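Chains: A, B, C and D, in written order; residue numbering restarts at 1 for each.
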């Protein structure tokens, strides 16, 4: 049973290889009548053998905006690969609204330089997925990393844009991810107050301007060395509804941990105080209850990070994710090739020296996908009979 | 869509409330012909109204042994609640072998003191799931924590015993979890060498005897104060096969993160170097390749923790999980009741001052369940055509 | 991936073998706060080895009533096996209401005469599942047919009782199945008007009294001959909501066909005019539209049987299911044993000469399970945004 | 939870609307290393606004061949709509072999005359899915029937071509569907011997040449009248393996019934003797066992149609499916429009007077998809431990 789908009621399936014809995503279970501002264009496809076909296609600014955030080549500190990255909607939208049918969004691959990857027929990059794909499937589309490429997240972000829209309409919900640490430089971020604008205003997507500048310098140094950097991303979700999450296994935070771990290069996920809880006592860690302005009972503090027993409490969701340094580096590495012969590997396609600034969009998308799925799941089981 | 099932091909569903009639688990997808050493007993059920029924039931030492590790009341440092905890097999086994049909295992609840929980009609424990269950479902079986009780893990451990058996038979695979930290006391453990016997030989289940003794003292102090402690559990899996994991979403580590986060009280999960990767460069973190004795290519080191691109590399799986201090404490806490009135909460049923020593069995079970499921999944897709 | 679960949001898993300790069902996804009139009883379990345990259990008249309809030994024309068949609720109900947690219902097996089946170690009954189970799993619990026994439907009927209750509360929905044909005797039934009382008032569960009496005679003759009879069951569902069904694969009627084919001994399923449509023209078969009293558009006739394009139209659901004659007969049959030696098989445990009168309850249960599942599915995707 | 996916391990998701940009299918879980003879072509996409993109695409004769069988406009007796219908493979294939990654196949829509459907804004066709879609989703892409169009089956047939290939490689398995009845004309077909060539050699796809000629005449008459015809399709599967099917719910025949009912316009499904069993006695219907040439036990006859207890016996699979006459006819029909006003509907786009000759390819595809899925499922659970 392949693992290319995510979510149960709001479900996505991504497909496509980094240097194949196209990347795409199919979204199933999206409610009907969600307004998507689409533009129709006539498109002509012409093949070498002279076959020709015509079709109308749709683009959607709301989706494109999110994709542009994950696009490479945005600033001097990301991979120079230029993806055209236009999202074409092929199904599921009619007269600017979703219909309840599957929504397919596709991006044609371009600026593909597969010959850069020819050496990978013979050698696997240390720390890279290639070795494991080859061992598992007995075949590996090594061009650009094939299916294991970071480019696969394209479909997640496209689908996440629709999930975000639904969550905004349902709850006024807001998801903000930001760079919290790169290498040894940590930022100071107030999760209550941080804004999307602050995050987007710096190439590093770190909202603490002082730290951000240091991070930028660090990244440039690593680029020069042909090396790469790890770091930590923080996430806050505001205007959370109460009651999302399906214990005992599909707890809201359990699904978030899976979602975030499914992103390339992540190595640890934390909620609330995360690993710090190990040193605390119950009397220090427990959030007592109080009442809000309207008299409703709610936690007085939020050390828990917005979830109790796997169910959202209505407090802000607070998460942290650590990313390893990109495996693909230009610096020479001693290793063995697939025949076991000692080899020196140096350079390997184009890559980000630090994936975090671009990863922000993917982190937000995965959080949005989990929340949209759980919104529908909670609604299915608990929406009916209570009122 | 409720979340009481885990796994896709080797799938379990747990059911039962802490103070309901029984706890149970149904295992679907277990291969046929797995030998389970069972004993048959005639059992008589007699009801108050005089109805009576007879039935044969089975017990199985291999399952019971694992359950005894998670059982409360084993030592002076766990909850005094005594669960009888006998595992009765009700289906799916015939003449000492699995048949491919669903296996149901049940434990009758006993030593239930529900009246201890009557105060919970009026007040939710700070940091406890009760508040969220009530908000979500509009009804909450508060007796003993109902479905959110740690007792729910009983079924996970029972099913995990069978998953472990299968993994041993398939691969000679060995899963060892151990206590690595309690409060501020950290242990020194060599994951390559640690043995089950070392873990089981101390009440804390910490294999570093010096640290373990300090942890025991710390736990006893917390008990005296009526407070609770958090900590960290380490996990190593040895004799891992290559090729488990289903990218791009059902990566082996993504499913492990979900599995471990689904355990009560966990707040962070890490693989390999975990959060430490943030400070490393690619040239420091990448594991180069080498060849083993037989000339097969394999990673020369294991900073990755046994997984690349979501697929197992054959190296040991290395995980860490942080647990928060138990929410339920005897110490007085100021909070509000469900009507929003200021209240003081003190004492609340019986509880563990530190859940980690008992959590070991559950951690191992969840890891086993993920691996057994992925073994079948890999086999389904990749077992056929390669040879 | 085992196939012991049915439904996606309102999901059941049945477990247990005919002559094992117990039969059971786990229901996941049931909405909370469904009232079930339960009675609590203390129960004492005593084992041969002297172990003893106490537990409270629940019974529920609403469930028991449905089970009594499928119970063998009700009349002179069913198998003489007496199942005690009391449904014990082990989880998911608190203070007479569902909680949203999994509901487990169990029945202890009794009046088991496994020795009657000892000959099945050596020989498979012609037309019976035993041969195929043995070939597939390499092991077969032949006692009473094990998992392939009609007794497995017990759990379906218990769960169906809760599904029916939900559907009544949601829509005032009513499901009536009835015997339409046995052997060559066909009944005349008006599906618009037939009542549960008419069905239940005759041992054959055929509401056409004249045909019913002939059927009873026919069944008694078959009993005398040691032979068995096939037939046809009709189903009508009234007060159907509009909009249930999830094209393009999980069409309402596609899921109903699967559900009904999953019942033992069914060989054909039809909706609306069924096989008769082959001879009609579009102008004869199409149901034109009209308006109802309130001016709402609806089909003017119902040749379609209540479904268009896989989605319910609000008209009555009309189905027919053909059952083969019970495979197990007392009459001598020439066959070969599992070693391939020529053998004569005669008699084999206790069996129904005609399963249809008892199958009514199972047919209704499967229809109810499909509809409850689709009610939640429709609600999840289409309940949110429309208003 | 939307219903656009089919299968559990070999899983397909179809997407696209009849008059949208494209139709497509995503196949998940296909084993790696399946050889598909693909041709690469460079393709240029040019949009109205001047954006341009280049991409390589693949075509595959083995897939195209199946699609050409379902293509409209093949003969004088099908809809004159001409679909270009070229299958482009966008992912999951590398150097002519599957990689285990999702395979996406797409066909651009062309020869679309959406203006033909403008009248459908105001009126629903009697007997057509439109009414139900509108009621369920609150929005309906009526152009060409949108998602409910028969064109949706395109993706099923494309995916079915790969499923057939796998089944041929695994078992030498052969699936043949044929037209058995149209209107009142029935054919005489020997399911043991019928060949694909016989089926393909007549425009009706009825292998009984005498009946076929009469059917062709009948269809031409219906075309003249502007009316449509129903009929019956037969299916035989040869070289079936023993052991496919997952009782108790995912029985092989239960999944086949669902698969076949999910095809547009089907109203009844039968296996083996189907509805005829109602009139038989057990002693007449049971297939006794015998031994084959090699001494292996097998059924001596095949009234059961190849399945016992939901598991394949190794005998030929024998199925029958009845199709209703196409709902869309040119003949005038009295009905009401969506405002409830009396209306006369006449003509409506282009349509088949009798869908059966083209439905053959879809029937075979759905059977292949069920069998490929069950092959992997059986392998996952029962492939491991037996040897």
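Definition applied: contacts are C-beta pairs under 8 Å (C-beta built on N, C-alpha and C of every residue); 3 or more make two chains touch, one makes a residue touch a chain.
Bear in mind the structure is a predicted one, so any value in this text is a computation, not a measurement.
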Counting C-beta pairs in contact, which comes out ahead: A-C or A-D?
A-D
Would you identify the chain whose Cα-based centre sits farthest away from the centre of chain C?
A
What is the distance in Å between the mean C-alpha positions of chain C and chain D?
29
Euclidean distance of C-alpha centroids - chain A vs chain D, Å
37
Whole-Å gap between the CA centroids of chain A and chain C:
45
Would you pick out the residues of chain A that each touch at least 2 other chains?
1-2, 4-5, 8-9, 14, 29-30, 32-33, 100, 136-138, 147, 377, 380-382, 386
Which chain C residues qualify as touching chain D in the complex?
1-6, 8-9, 14, 124-133, 135-138, 147-148, 152, 181-184, 222, 227-232, 242-243, 245-251, 253-262, 264, 267-275, 277-291, 295-297, 299-300, 304-305, 307-314, 322-329, 331, 333-336, 338, 340, 377-378, 380-382, 386
Under the touch definition given earlier, write down the residues of chain A that touch chain C in their complex.
1, 9, 29-34, 100, 169-170, 376-377, 379-386
Complex contacts: residues of chain D adjacent to chain A
1-2, 4-5, 8-9, 11, 13-17, 20-22, 24, 26, 28-29, 32-33, 41-49, 51, 53-58, 84, 86, 88, 90-92, 94-95, 97, 99-104, 106, 108-110, 136-141, 146-147, 380
